[in-house]
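Take a look at the structures below.
Across the two complexes that follow, chain A remains constant while its partner is chain B and subsequently chain C.
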Partner chain A sequence: MDLGFYLSLSIVGVVNGAMYALGAMGIVLIYKTTRVLNFAFGAIGMISTFVAYQIANLWHINVVVATLGAVVSGALLGLAIERFTIRPLEGKPPLVKVVVTLGWLLILTSLVGIVWGASAYHLPIKLVPEGTVRFPGVAIDYAELIDLVVAVMLTVGLAVFFKATRLGIAMRAVADDVATARILGIRVNRVNAAAWAMGSVLAAIAGVLLSQKGKVPLDTYSLTLIVIFSFAAALYGGLVNLPKAFGAAIVLGVLQAVTPSLPGIKDLHIMGLPDLLALGVILFALLMPRSALVQAVAKEGA
Partner chain B sequence: MLDSRKLTRRLVALGGIVAAALLPLALNQYWAYTVSQILVFAIALLGLTLITGLLGQPSLMHAELMGFGGFLAGALVANAHLNFWLATLLAVAAGYLLGSIVGLPALRIRGLALAVVTLAIARVFDQLVFPLSWFSGGVGGRAVARPTIPGLNLASDRVYYEILLVAFLLVLALVLAVRRGRIGRVFQAIRETESGAAASGVPLTRYKLLGFSLAAAIAALAGALGAGLDQTVTIQQYPWTKSLVMLAILTIMGASSAQGTLYGAIFIVLSPQGLERVPGLTLLLGKEAVRQLVPLISGGALILQTILAPRGLVPSVGAWLRRSRAREGPPGGAGAEPPGDEPAMEVATLVPAGSDREPQRVGEET
Partner chain C sequence: MNPSNGQDRLFNRLLAGAFVLTLGFGLLIAHYYTDLGNRPVATGMSGAGTGGQGPGSDTAGQEAATSAETPGTTGGQATTTAAAGAKAGTTKTTTKAGAAASSAGVSRGSIKVGGIFTETGPFDARPADQSVRAYFQMINAEGGVNGRTLEYISYDDGFDPTQGQNAARRLVEQDKVFAIVGWLAPNSEPAASEYFAKIGIPVIGGLAVPQEFGPRNFFATMANLGKAGAGVARFLCEGGVKKPAIGVVNLPFSTQMIASVKKGLAQCGITPVTADAIDSTEAGWDAKILDWRRKGADSIGVALDPMSYVRLFQALAKQGWHPPTWTVGAADTERNAYVKGALEGVINVESQLVPAVHMNLPGPRRYVETLHKYYPGVTIASDAEISWTAAQVFVEALRRVGPDLTREKLIDTLETFREFKTDVSAPITYLPGDHDAVRCIELLQWKNGGWTDVYPDFQCWDYTPDGGAVKRPSKPFG
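Up next, the complex of A and B:
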């Protein structure tokens, strides 16, 4: 048994899990604040990543501008979706709003297919040069290192945001009790818009980071559907619990990285193992006693 | 008076069936195949109305259940050398069982979270089950010989269409019977308020799983009959957006309207071909991009409909027609909108009416 081998696999897993965690945080952020489960989340990340691709690989402007472009387009898209298709549905049941996000999922994926080609190969964006950093025992790619750094920065940033900024506190108030928040003078619409913008930016960043080096192929469905892993993690946290969602994302990432190489499973060459593991996490969340998921759904009433 | 209205409706329905049965006589080979495809999707959508419209459980895996039926029937014919009809029967039975398995998560959660779970299940089918070459025939798919019935020339699409029409009418009768009977009332009770239904003694587990089983069995039937129609079943026929498009279209048309399934199926089948025929569009965008327009249009229509006509297109247009008819009608008849005029179009969106209140308010009441 080569422990070092599994250790380096686990590190890859933690890095991937951190990316799913970014997505899960975005999903939870939007859901908790606005009570909309955003099925278009992955598609928003995907189209933002294509904007970065356009800037970096087709226009040959540098990758910093490209990443900024992805962030800005993610934010604008989130704002537009909220303003024009979610806000008019205020007071409607949650499922109606979900149907709208399904509509956006279809629109965005086919739009990208039309503009950039659905089945064409797209060269991945290169955010950082090739190379590895050596730590005692393991070596980590620059690409993975930047994933990790960004994920940690954003997680800490979000924690500070919710604790120490006016908007963050307002967001928590709206998540807790819309009516009271409104009475206290919080502009709920603005807070909702901010949640959509921030969540969509998280989608964009996760998309750009996941697609670098071609880890996730840059096409219409891979990035769109990788959101399933974030959804699985978010579900584990009952769609509201950020730390639980974060932990589940990391665990899922590690499981996905390690399981295919385990003796006994290695020779089976199971396709779709990552998806099976994601479903496993969801089922675990369903069956666990005192499950955050079941409790959260039960609390929704009706 | 009510009786005569009932009679008229029955006559109209009978006329519609006769017209549908005679339809192939007026069609060339290409259109006979196309209307047959429409029937296949109409059958599948009928299953989706049961689970999503009537029982109120959003399912994002319906196309995968359809594919499951098609692949399984194909595999049974190819590997076990079974007769196609027997294989179809087994696929429907397997679909029924599968439905009660994939329906299990619905026992603990519902609504939004359940939709995510069905999407994850669909993903496992797309990535894990469908690529198995002994099951699906692999990348190239599997050839399925057109089934035969002694004395009938099923090789002709015009004749096979009649088989599909019979299947569609049988499934329609089943769905209508379920809806009007005890099961349908229980389903609606579960949709409206689950805890209320449970409190009044409804065995939730049994009825929820029954709903998923029926929907999956109907989807499997559509998939198997579709494989017989196309004489092939391939992974490419079931792209991951298909379930989403099906749910979108059904929601647009009105999730529980029986006519909605037919219009929805017409849209799903005809829109790619229709768009390819728009002059210049293919030249401008390329063939691949034009096909991409279908989800784009469905998505856009879905959003517009949700905002502008939330009850679904068929019920909304129906209500609008009735209103304008009442306005233009004779003075005595104005406003005399008979209750129960159109039971088949009874309004039921995807959503339980009881969940209209904001979730946050629940806490306030206590």
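Up next, the complex of A and C:
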């Protein structure tokens, strides 16, 4: 067995997993506060990235300005979604809110298709300078390294945020018990709005970073659907545990990179193997009795 | 009554009702699709099937011509003409129904033509759609063909075989087009081909998927993709490859493409180290390249979609691996600009002349000027030229048939084409029983920031009985 080859693949897998971790952080952030599983997360990232594309590639304005435009548009979109379609559903079953996010997914993908075209022929913006870093047997782009660094920073930063900041603690309080949080003087609507805005900003950042160099095609469905892998990772963390979600994302990335080349599997030419592996992670999270998801659900039901 | 319980009951009833409706519609749709294959076809179609009423036979006459564009098609309108009122068929009897279908879409003043293009998803065939439209608008501006103007209706298949089949049926049964001209929908062409073959409607153009080379009513304007790999492989052999890694975009006919490449390579004693179908959304090019290197590949031969080429070349540059690389259809200058540093030395195969290299020739110049006249700023892409050639072939066939136009006459006339010169392809010959008209390619190499011809003419081949290929005399450009 060529261990050097699999080490190289593992390194590739780690950077791929960092992509998923970027998305998982945003999903966890929104769910941890509002208990809404936001299926439109990828679509928010996608449309924000297209805003950056419009500014940088079509209007030829500075790429940093374009990225800021993506962040601002993501935040505004998140605020709008929360204010006009989620907040009115307070008290309704969570499934209703999930369906609303699915509706937003459809709306946003259709909107992008109408405005910019629904094909995959959109060249990404160039935010990160060209260049590579060599590891044993493999080279990694600066863009991919930045993905990994940002994912690690987000994991740590969000963990600290929830534990040590007033807003973070308020978010946890709202997630635990909305009525009590209100009684304690926490402005629940503002906290939820902040969660959605922050989550959508993370979606925008993830979208811009992931579309660097065309790694994830800039079209109406690739960025929207890559969130499925992020969901798998977030589910493994029970939708509330950031370090577990990060770890699951990395493991999934490594599995997707290494598994197709394993003896016995490589000759099968299994199409859609990355998707199958993500499904496996989801099933594992759902079925294993000691998984974070099962424990989180049990805690909520108690 | 507790309002919450009442609301819950209402919700449950609505959910149950929605479920029943969905099930019902699903069964109806499934029944419709399975019934589709058993529908009788129009009489009077040469080689198109048995007798019976044609699908459009119960509709009389020609309505005022209009064009329908799907969302996503941009940049222009199909030519709209007013029908002069000539009726194509008026009764429901079997023979008259066959006659109606045979000249469906033809009125005294216009001919209605259809097309299907992938404009949503990993491919963007809008330039192909616009190429046909531009050609027809050019012809209409010159007075049309035999006193008739050309009206074009096209649909987007969304890279979905089901949508492609729906679009095919809509063009034939609802829009009642005379022919299909210019068709670029890689994922739905195999399935929709079966329907068009049953109907017997002339189809000129298409991506040349294997299913388009059996029925008599199909006339592709490039080499059969299911066999052409053997021809292209001859040039890989001459290029000195020893252990190539082969990759083909994952489409319904990828297996046949790969098999034909392997057959051609086997003729010169070469076995690829790997030969895979690759999804157009494949993001893991680093892992793939590492795998190819590990298997000892000394060269790469790939036929991919344009954005996959971008990702491939970026990954090759990143990993610092620059083996001899052969591509098919990669002369997309807009996307090449994104990876031009990694393209040096790449050899590319095209079925049509690359305009950027051949603007000195009248054909490519006319193509570019006409396309940009009607659709300023549209991308010049080699796959779009296939549709331009299809439009040119169709118009020439119409001219030769004359005013008394039927589908059978068009098909008969197309089979008389011998070395017909087009603007951007090698000369076209359709023989009875063999519509694989263009077994020629242009070979280019990327040097110093642009494509240059490897040979000064089209390189051509013939097939051997065992599915391999042998070179035959080349044909001049233009």
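Keep in mind that, in the parts below, the second predicted complex is superposed on the first by the 284 of 302 C-alpha atoms of A that agree within 3 Å, B and C clash if a C-alpha of one lies under 4 Å from a C-alpha of the other, contacts with A are read in each partner's own complex, and residues count from 1 in each chain.
We adopt the following convention: a residue touches a chain if its C-beta (ideal position, glycine included) is under 8 Å from a C-beta of that chain, and two chains touch if they have at least 3 such contacts.
Just so you know, these numbers come straight off a predicted model, no measurement behind them.
On the shared subunit chain A, the superposed partners chain B and chain C overlap sterically. By the touch criterion defined above, A:Phe5 reaches chain C but does not reach chain B. With both structures placed on the common chain, the touch criterion links A:Leu286 to chain B but leaves chain C unconnected. More chain A residues lie in contact with B than with the other chain of the pair chain B and chain C.
Touch criterion met: A:Ser119 reaches chain B and chain C at once. By the touch criterion stated above, A:Leu37 is placed in contact with chain B alone, chain C being left untouched.
Once the two complexes are overlaid on the shared chain, A:Met271 sits against chain B and chain C alike. Using the contact criterion defined above for the overlaid structures, shared-chain residue A:Pro243 touches neither chain B nor chain C, since it reaches no partner. When the shared chain is aligned, chain B comes close enough to touch A:Ile228, but chain C does not. When both complexes are overlaid on chain A, the residue A:Thr109 reaches chain B alone and has no touch with chain C. Contacts of A:Gly157 after superposition on the shared chain: neither chain B nor chain C is touched. With the complexes overlaid on chain A C-alpha atoms, the stretch of chain C that clashes with chain B is 184-192, out of 58-66, 130-138 or 184-192. Chain A uses residues 113-114, 117-119, 221, 271, 274 to touch chain B in one structure and chain C in the other.
Remark: chain A residues 35, 37, 39, 85, 88-89, 91-96, 98-100, 102-107, 109-111, 113-114, 117-119, 176-179, 221, 225, 228, 231-232, 235, 239, 270-276, 278-279, 282-283, 286-287, 291, 293-294, 296-297, 299-302 touch chain B in the complex. Interface residues of chain C facing chain A in the complex, by the touch rule stated above, are 71-72, 74, 119-124, 126, 158, 250, 276-277, 279-281, 283-284, 286-287, 290-291, 294, 305-307, 310-311, 314, 318-320, 335, 338, 379.
Residues 58, 105, 108-113, 115-117, 119-121, 123-124, 126-129, 131, 193-195, 240-241, 244-245, 247-248, 251, 285, 288-289, 292-296, 298-303, 306-307, 310, 349-352, 354-364 of chain B are the ones touching chain A in the complex. Looking at the complex, you find that chain A touches chain C at residues 2, 5, 8-9, 12-13, 16, 113-114, 117-121, 123, 132, 137-141, 213-217, 219-222, 256-257, 260-261, 266, 269, 271, 274.
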